[in-house]
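The same chain A turns up in both complexes below, where it pairs with chain B and then with chain C.
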Partner chain A sequence: MSLKQERWVGLFSLLPAFLLLAIFVGYPMFNTFFHSFTKWDGVTSVFIGWDNFQSILTNGDLPLMLRNNLIFLLSVPGILLISLTVSVLLHEEVRGWRFFRSVYYLPAILSSVVIGFLAKSMFTNNGIVNTFLDKIGLGHFTVDWLNTVPTEFMILILCFYWQTLGQGTLIFLSGLSSISNELFDAAKIDGTSWRQKLFYIVIPSLYPAIFYFTIVNVIYVFVGLFGLVYSITGGGPGYETTPIDYMIYIQAFRSGNMGYASALSVFLFFIVMFITWIQLKISNRLEQ
Partner chain B sequence: MKTAYIKWIRFLIFIVLAIIAVMSLYPLFYMAFSSMKPTIEYIKHPMGLPQTWYFDNFKALIYRFSLFRLFGNTLLYVGLSMVACLTISIPAAYAFAKLKFSFRNGFYIAMIATMTIPGVTFIIPNYLLMSKIGWTDHIVSVVVIWAVSAIPSTVFLLTSLMRGMPDEILEAIKMDGAKYYQTMTKMILPMSLPGVVTVSVFNATNWWNDLLTPLIYLQSDNLKTVTVAVATVLNRFSSDYPLLLSGLLLSSLPPIAIYIVFQSYIRKGLVVGAVK
Partner chain C sequence: MKLKKGSFVIAAWIMVMTLVLNGCGNGTNESASSGENGEKQVKLVFWNSGFATIDENNKSKKKEDFYISQAVERYQKLHPNVKIDVQDVPSGDELFAKFQTASIAKNGPDLTVLWSGSYMLRFKQFLEPMDQYFTKEERDRIVGWSATTEDFTNDGKAYGVPFGTDGTFLLAYNKQIFADAGIDPVAQRPKNFGEFVAMLEKVKSKKVTPLGLFKDSFLHVPNYWIAQTVDVPGLGTLVKGTTNFSDPKLVSIMKGWHELFDKDLVIAEDSVRQLFIQGQLGMTVGANSDISNFSKEMGDNVGFIKIPDFSEDVKIHDGGPGGVGAAFVVSNYSKHAKEAADFVKFLMSKEEQINKIKSGEARITVVNDVDVNEYVSDPLVKTMQEMANEPSTIFWPDNVYPAELTSEMMSLQSLVSSGKMTAEEFMKKIDQKRDELLKSSSK
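So, the complex of A and B:
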């Protein structure tokens, strides 16, 4: 293959992929941007300028949705800490650690729908959680878990943690195994304590992995919670547990307010772009 | 004295890890056991093993909810999407990794950038586009959307793996006068097989577990995927938890099987992004 040929083969190999992405990602994106300025029921659209954005800002749903997304956002450090702890413990390679590692990832392979409905069935009024509390003599702690907002969030976050622990431990374990043994040997000769080793060697060399895990999950709480919310709370009561991505689904496919939903999509798009921008900034700094 | 202390600590670590493992696994056992209990027993004794093993829930799923068709549907959609996605992604990844042409990096960055666009931003226009072509409530819509939305991440993973292929062998086979097609089938495909398996395992489980896409594009009950059927049809009988749980159990068997067989691939694939 001559160089000239290679150029054409190269471009030709990309053509189908870019053609499809243009049709099913590029065009719809511009379409969404355009329709965010219209009142649109899917058939006819009327240009209404900034009205959709104005009503997002003023109709009172936005603080609620942002609050809901913020609650999930604030739960990310929790799972980060749990995964880190579990990986450090696993890295001690006690008996059966490979088995534990496999077990922790198992829930991650399941659908959010399975996780969600499973949790829902466990937390019903006379479900297994309340029965268990009754049996061990904590009967006065039984709550109607699925009908009060704080416990609903607790269940959603619990499911999110259950799904994510395995991903976290796998990422951090691979980070841990890439720390060179010489570093540990040197530390041993210097007589460093276990705690010093943790905070001066292990954690700093995990920074890239910690950063990657955090970004992936921060984006996930903005765009990935659809399945869990759908199966556990359906966004209710009212919109009390509705994050932005679920609201887009409700507005577009239940209420038919496609213009309003498009405006929300644009809003979400900029949030995710902002997170990605921060990611690029920080990862540049990490490389330096 | 010191070794005894260390042994004691290691035992404690083992206990902590075991408790977490039990917490991770217990809901799955609960799901399995509950699905084999009659409804009354489930209400009376939600904990513990079934007293009478009862398989009517599974029979109901097979006969009343045509489980085999649901599985067939999902397998078909996942299979077609996989073929489509790989056919498009492998040549693109090879071009990004090993061919030299102008604007290669620009195209690559553009491709990777699409990965960060949230899927919801294009779901409404795509739905309307599909209904204009007449593809809604038709398998093509789901296959196309699944395949296309997986292209960027598939290309990303395959490119980063193909970059590791030794250039010397590629040069050698070029010297022998191998055409593009021959290079592809004799060299690139066999050598990138582990990567193809890894990425396909991820894609297949994601598609199998996906709720939003098939929920929106497919309306008829006889076209639904397993995941959507469990979430919508079985949820209409939501007071009958054993029935719902047996549906959940059966719908999670394929992903669990994939996980058990391809564990090591998943472990490798998951960290490609992390080490970058």
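So, the complex of A and C:
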């Protein structure tokens, strides 16, 4: 086969995938971009220029939504550390590792809404948490967990961690298993301590996995927490726990502002693009 | 070899294209075909969010034991060419999102039941006007059309058909708990908010949570107080912006709302029905169906009163929120809109309304040619039907406000109850939102 023919075969092989992407990703994206400049009720759309974007920047909701997203963003290093620790412990076969190896992935297979409703039922006024605190004589520590902003964030982040731990541990365990044993043997001969092994062999070898995990979860906290917020706090009280993706839902499906919701989606798209770009830059710097 | 590679790529390409083009079809599911006798076979998809198909207290009850299954069977017998596919869906926000997305794609149901008023009219671009299907006589025998018309009048352009009535939303109370606290809420009915608080405080002194509300009970209590203070035309002027929510009289209602929570007289969570039945609450709110269920579970230990007036100088005394809270709607993209409307008419017929009442699934009705008293012996139901007919029952105010305004109110009201926002700030924000909406609709 000549080079030219090979090129054509290659192009034709890619075409179905591109076509599917164009239909199922490209078209909705284009549609959202278009409608972000319109007042849209689902049937008719009226072009209103930059009004939706102007409204996002001036109506006063944006700082609160960004604050909420920032809180979730700041929680990502926490789950990174926890997943890393758990995977190292499992890799080192600490006592009970066989049991934990069989259960750590379980929360990851549950849907966010299931985890959310479970957490909600645990943390209601008469839920298991307050009842337990009462029973052990710590009644004065009972809190209205779901009506206090810091505790609501705590519960949301707890659920996010619980749900993500399995994924993180799996990624890091696979990364750990790819590190050559010879490297550990050489380190042992050199008399390295556990800490030195962790910081000079394990973590540097896991850079690609750490980077992948961070990117995926940074994107997730911007676009994937909807299920948890919907089922646990409903974005409230007020908009105190409403991140941008939940506000998109409120605007589109409660208020019927489809155009405004599209503009907010475009806004979110650029925020995520920007943060991912920064991460890529940092990653490149680290690799160098 | 060359040929094989090329053929493989082409075959794969054709397969993908077939799948894609198939997926991009119009999604119609053969909803009309010809039957054996040559008559056109029609399949109607009914998203059911209004009729019971599960009995929480009797899980062994089969689907066909419920009224709607039996009504569908009767209709299908009368119309052998029509098949009705009843699909159970949740109500409220979940249904709105589902209906909206499906309607944009034009693959929603032929008919469903939506909350009435602004909630339903938000989707009027997807709804079939019902005027053409109902004669004046047919329309006159059903009450509550104003909940389904564009201008909230009985004769306006209707985008739905009244489904049923919530009656009057009431406060149910545990007689034993109130007796222990030395209160008879009927004889000593609070005349204003201050007396209401005093009554709840007495219950609290007996170490019982006095009042249980739902997360959305802002719609049931303070929203009603606002409506009774300004009267129905006053709600209209609030929406139009000729009067303001930040009127001191209305601000004091939100202050009262905060006070209830601040004094720990209220819990607001979705399990209040169960807590009330278990005797852990002095009082809770409920529509006629809730009151009947409480009565079934608690026997004579449950009593009910109307929500106390907020003050002596309100415009509507001794009332409550309620009325036709839901409506049948037919989608305007349905290929069988007429058949769907015929099915609605069948369900609203005198015979079917009687069947519904006899089944025990409907306590009160919205048709004026059926007297509930003839078919129901329970005095509780009779009282509730009488209350529903009283002019002091105010149609749900949130069904009159624009959906965006209600959404804003519902999001922010919890900040007032928890003390993170003052009543003045809240009302100012609602005025601002209302003004924004008026400005944007005038563009």
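Here is the rule we go by: the second predicted complex is superposed on the first by the 247 of 288 C-alpha atoms of A that agree within 3 Å, B and C clash if a C-alpha of one lies under 4 Å from a C-alpha of the other, contacts with A are read in each partner's own complex, and residues count from 1 in each chain.
To be clear about the criterion, a residue touches a chain if its C-beta (ideal position, glycine included) is under 8 Å from a C-beta of that chain, and two chains touch if they have at least 3 such contacts.
Note that the coordinates shown come from a computational prediction; the quantities given were computed from them, not determined experimentally.
When the two complexes are overlaid on their common chain A, residue A:20 makes contact with chain B and with chain C alike.
Shared-chain residue A:236: touches chain C; no touch with chain B. Once the two complexes are overlaid on the shared chain, A:41 sits against chain C while remaining clear of chain B. In the overlay built on the shared chain, the residue A:9 is in contact with chain B and with chain C. Once the two complexes are overlaid on the shared chain, A:103 sits against chain B while remaining clear of chain C. Residue contacts after overlaying the shared chain place A:269 against chain B, while chain C stays out of touching range.
Using the contact criterion defined above for the overlaid structures, shared-chain residue A:125 touches chain C, although it does not reach chain B.
Contacts of A:147 after superposition on the shared chain: chain C is touched, whereas chain B is not. Using the contact criterion defined above for the overlaid structures, shared-chain residue A:253 touches chain B and also reaches chain C. Counting the residues of chain A touched by each of chain B and chain C gives the higher count for B. Touching of chain A by both chain B and chain C, each in its own complex, is seen for residues 1, 9, 13, 16, 20, 42, 124, 126, 249, 252-253. Listed in rising order, the residues of chain C touching chain A in the complex are 2, 5-6, 9-10, 12-13, 16-17, 20, 24, 93, 96-97, 100, 103-104, 122, 125-126, 215, 267, 269, 271, 275, 280, 403-404, 407-408, 411-412, 414-415, 417-418, 420-421, 436, 440, 443. If you check the complex, the residues on chain B that touch chain A are 10-11, 13-14, 16-18, 20-21, 24-25, 27-28, 30-31, 34, 43, 46-47, 88-89, 91-92, 94-96, 99-102, 104, 107, 110-111, 114, 116-129, 144-145, 147-149, 151-152, 155, 174, 180, 205, 208-212, 216, 227, 230-231, 235, 241, 244-245, 248, 251-252, 255-256, 258-259, 263, 266-267, 270-271, 273-276. By the touch criterion given at the top, residues 1, 3, 6-11, 13-14, 16-18, 20-21, 24-25, 27-29, 31-32, 35, 42, 86, 89-90, 92, 94-97, 99-100, 102-107, 109-114, 117-119, 121-122, 124, 126-128, 131-132, 135, 162, 165-167, 170-171, 174-175, 178, 208-209, 212-213, 216, 219, 222-223, 226-227, 230-231, 245, 248-249, 252-253, 258, 261-262, 265-266, 268-269, 272-273, 276 of chain A touch chain B in their complex. Those residues of chain A that touch chain C in the complex are listed here as 1, 5, 9, 12-13, 15-16, 19-20, 23, 39, 41-44, 48, 59, 124-126, 147-148, 234-240, 242, 249-250, 252-257.
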